[in-house]
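Chain IDs A, B, C and D follow the sequence of writing; residue 1 opens each chain.
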Amino acid sequence: MRNKEGVQLKNPYLPYPVRIDRIVTETEDKSLKTFRFVFLDPDDEEKFAYTPGQFAELSIAGKGEIPIGIASSPTERGFVAFTVNKVGLVTSHLHNMKEGDIMGIRGPLGNWYPWDEMEGKHVVIVGGGFAFTTLRSSIIYMLDSENRPKFADISVVYGARSPGMLLYKDELAEWEQRDDINMHITVDSTDDPDWKYNVGFVPTITEQKITSAENAIAIVCGPPIMIKFTQPVLEKLGFSPNRIILSLEMRMKCGIGICGRCNIGDQYVCKDGPVFPLAQLKTMPGEY
Amino acid sequence: MLKYTEKIVETAKRLLAEEKVDVFIGYQKGTVPMMNEPLLVNHPDKADTLYWDNFCGLNLCNYLTKRTDKIGIIANGCNSRNMATHIIENQIKRDQLYIVGIPCEGMIDHRAVVRAVKNREILNIVQEGSTFVVKGKDFEETFEKQKFLQSNCAVCRHRNPVLYDEMLGDPLEEQTDVNPYGDIEKIEEMDSEKKQGFFQRLISRCIRCYACRNSCPLCYCPTCFVDESEPQWVGKSIDPTDTLTFHFLRAYHCAGRCTDCGACERVCPMGISMRQFTKKLNKDTEELFSWEAGLDPEKRPPLDVYRPDDYNDFIK
Amino acid sequence: MTEKIFTKEEWSGALETLKEPYRLFGPVKDGDFHTFMPLDGDKKPDFDYENSRLSPKTIIYPESERMFEYSLDETDDDAHILKESPKDYSPCAIVGIRPCDVHAFQIVKRNFDNPEYQDPWWTEHFESAILVGLGCNNPCASCFCTQVGGGPFHETGLDVLLFDLGDNFLAKALTEKGEAFLEKIQGESADDAVLKAAEDLKQSSEKKITAKVPTDQLKDKVTIELFDAPFWEEVAFACLNCGTCTYLCPTCWCFDIQDEVSGKQGDRIRNWDSCMFPLFSLHGSGHNPRAEKFQRVRQRFMHKLKYYVDKYENGVQCSGCGRCVRYCPVNIDIREVCKLMNDFA
Amino acid sequence: MENWEPKIATFLCNWCSYGAADLAGVSRFQYPPNFRIIRLPCSARVSPKFVLSAFRHGADGVWISGCHPGDCHYLEGNYYARRKFALLKGLLEHIGLEAGRLHFSWISSAEATKFVDVANRVAKEVEAMGPARFFIKSRAEVA
């Protein structure tokens, strides 16, 4: 299609062709793998300029597309990465693909965490399970030497069912060693005698470890049940609803606010979200 | 037929007032001619809108699945047979139902009426005894009900409810001299090429809205085969082979269960006669297994039982 | 702008010659009802009709449409890489389309052609089309176009408007595209008497629409209050959750995207989808934000009569064509629901 | 078409007909090579979806074979299957499937000769039908 000046515009449904560059199995049950993609046309990487919090449609010819949060950070060059849970038709097929296989990525899509607003503030990141992907993107982004001075303290509460279900274990260990980020890793339960981090649900650990909401902004991403119980904890700590930022999931197809299925009220999660401040969500129908 | 409206209102009020039922399911008069809307009444004061005429062609059994309360419900012959089927299939318990039976003279085919007035807009229809008067902007015509029955009603052999707790009228004499499968026999006489053409044309207008499936009380699966993705049995576009696959499998799922209530055809926005699929199965179950669906809630359906000497000629 | 009068015979003849410069579409009698079809071969349009069963959105936005195609043959250099499917975007003319269905295109354009994203297929099909409308002399009892910003002779969005004056058509060009179309038809310029007759026709026709469907309060309602209104379960009771209303609706635009493979050849196809279907919003995890029937029914009406109103500040997402009123198998009447919503306090 | 050989999707019960096919093989009996055998635990495991799926994917014929009535490993699976098949065949042929494309048989694991005999008959009948044209899902016919 062409714009008003007659210039050919990119078809927003057409994925960029990519090659699977690396596949890492993240969790002990092998249900989560991180895929690193390299664009076949290097120019496409420039066009795919993204901000942490956004997502993309992973496209497999013959199977379909799935919306997945971008797990890499724009500060990491030469590839984009996605951590994918094996759930349905497309993700199961993706899990069986090999390094070197060709597929597509369409995006970046949606909005992102409010980076401008977060500048100069303490950042509290609360994540659970495999929803940690865009939070990883955000942490890498903030820890980048150019970006780190823009933020005050960074605290992370990240939980999984068990130690083996944590994502990005090497990076978690590395961040634990750093003094410019406060890591609070937790698992629901474990019988590992060498487990040296927390045991308990994310809301509980949040309540214990996060002591102040003063000049702070919280980013929450996790399963609905975690969000449901974390929200009151944060509010009790003094986070106002516009300082609690949530990232939502929804069934999507087009990813650009046209196909109509992912709405909450008049907002499309794919285009107007997936990131919403709690204050805004409170004015929207609770249909998510 | 209209005389039943008053009786229904009265009965519903009584049942609700006496707390014999928690809710009462019937019809209310629609906002457009020849269309009545299923209605749930939960208080005697609201029962006055209940209504009955020859356009109550939608099968009320659709509204029973998953209910846990005690339900009063109107049933003519085919609807009551679907209730029996629901009971057989454990979709509802007999003691949850208080069935108010209506001997049914048949429903009027709304499409036939539209054709009869040459597509002119119908503004109102008044039913009087065995006739009905169709009124439009500048016309008024009277027709005989009997000539405008839905094709399933014209050959109906179970006009009286097979299952009821109370009857609102005297049973009608059942039609015994009808051949319900005349149209199917005609198709059976065709060669395969003609049959293929017939069915391709039959479904060519299908828009895959699934009104036929959803209006069918037999279709209550939590996940329909069309929505399964692993494996995906049928494509979702309007490709003719996919559409045929959909209609074939939908019909097959009704094997030994279909009461030929005609709801699927009645609701189709494109006027497709999908009963040409289901009726073949009805004919075969009747011929091979002496079975008509929903006549007895105690009897197991034909695909749930067998006889050692079942029809075996087609097997090598 | 040109105003031309010609006889109905002249119009029929002109249509034959117009098949050359345009792909012509028009209402054709198709069994018990009318369908917009390509007027090729011996297909003759029938303009003595109320409205088509399926809306003419099918021409701009087909029920199933190939988006991309690809090879899965590993020996091909471009295996697994999606390519746009070839399309015919040569000029087409939709003749005899009703003003409500043209109004509907204006409504859905805000979705398909928005400042951020343009849907290439919808936009190209739409831009290739000349809309030659036919005013409604006899609106149906279930029509309510005048209540939702349109009318039986509503001109917005049309390129040409035809007035059926008995033996003749008066054609009014409304855009340059329309001028170009009319240039190709012989006819006499309309005198004042004809224009007066057309104006009278329009007014008498508008008066025939008696339905009152107020929408004025919708904008001021609080979304979550309307969402939590007590009437939704009752409104939804009879609903079968079929797709009749959404598929027949000229303003429903939702679609699904499916990949299909045939041998080593694959296609990405989009198909109309419906908010009435549970699968429409089912998550991979099994969670469904609209798992219950009443939630899906509520979504349909809230989308049309509240979310759209708020999002685009341009009225409701309904052109008042009345198809859903006429063909809903269980008679769920949008006019009644609209009243409930508009009056909700 | 000169080199056309029918493809026949063949669903065999593990406890009988599959064994018969095995025995036929071990016994070096010759039978046509047109069968794509799918082993199932019982003829009752055959869903109409499988049959449709085979035809949709271009099978020229479908052959389903199970245990003789009374010999089902699960006691009565084939009895139920028989009723299901009777209706399936009836409906498929009602909508236009040619009568020589869908076949059923009862063959015990000892009946290698019957297996070969039926295989020959099925192959011959399907071949006589020519290549399948009905119910094949090819590239979607869409805009």
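One rule holds in what follows: a residue touches a chain if its C-beta (ideal position, glycine included) is under 8 Å from a C-beta of that chain, and two chains touch if they have at least 3 such contacts.
These figures come from a predicted structure and were not determined experimentally.
A.B. asks: So using the touch definition from the top, which pair is joined by more C-beta contacts, C-D or A-B?
C.D. replies: C-D
A.B. asks: Rounded to a whole Å, what is the gap between the Cα centroids of chain C and chain D?
C.D. replies: The separation of the two C-alpha centroids amounts to 48 Å.
A.B. asks: Averaged over CA atoms, how far is the centre of chain A from the centre of chain B? Could you give it in whole Å?
C.D. replies: For chain A versus chain B, the centre distance works out to 50 Å.
A.B. asks: Taking each chain's centre as its mean C-alpha position, how far apart are chain B and chain D in Å?
C.D. replies: About 35 Å separates the centre of chain B from that of chain D.
A.B. asks: Give me the residue numbers in chain A that touch at least two other chains, ranges are fine.
C.D. replies: In chain A, residues 88 touch at least two other chains, as defined above.
A.B. asks: Quick check: what residues of chain C touch more than one other chain, meaning two or more?
C.D. replies: In chain C, 64, 256, 258, 260, 269 touch at least two other chains.
A.B. asks: Give me the residue numbers in chain D that touch at least two other chains, ranges are fine.
C.D. replies: Correct list: 137-138, 140, 142.
A.B. asks: Every touching chain pair, please?
C.D. replies: Taking the chains two at a time, the touching pairs are A-B, A-C, B-C, B-D, C-D.
A.B. asks: Quick check on the complex: what are the chain B residues that touch chain A?
C.D. replies: It comes out as residues 229-230, 232.
A.B. asks: In their shared complex, at which residues does chain C touch chain B?
C.D. replies: For chain C paired with chain B, touching residues are 30-33, 35, 50, 53-54, 63-64, 138, 140-142, 234, 237-238, 240-244, 246-248, 256, 258, 260, 269, 271-272, 274, 277-279, 325-333, 335-336.
A.B. asks: Inside the complex, what are the residues of chain B that reach chain C?
C.D. replies: 30-32, 35-40, 58, 62-63, 111, 114-115, 119, 121, 123, 137, 205, 207-211, 213-215, 227, 235-239, 266-267, 269-271
A.B. asks: What part of chain C is in contact with chain A in the complex they form?
C.D. replies: Residues in contact with chain A: 67-68, 70, 72, 79-82, 84, 111-112, 114, 116-120, 123-124, 223-224, 227, 253-259, 261, 266, 268, 270, 273, 275, 280-285, 287, 289-290, 295, 299, 302-303, 306-308, 310-311.
A.B. asks: For chain B, which residues count as touching chain D in their complex?
C.D. replies: Chain B reaches chain D through residues 184, 187-188, 192-199, 225, 231, 233, 235, 237-242, 244-245, 248-249, 251-252, 255-256, 277, 280-281, 284-285, 288-289, 302-304, 306-308, 310-312, 314-316.
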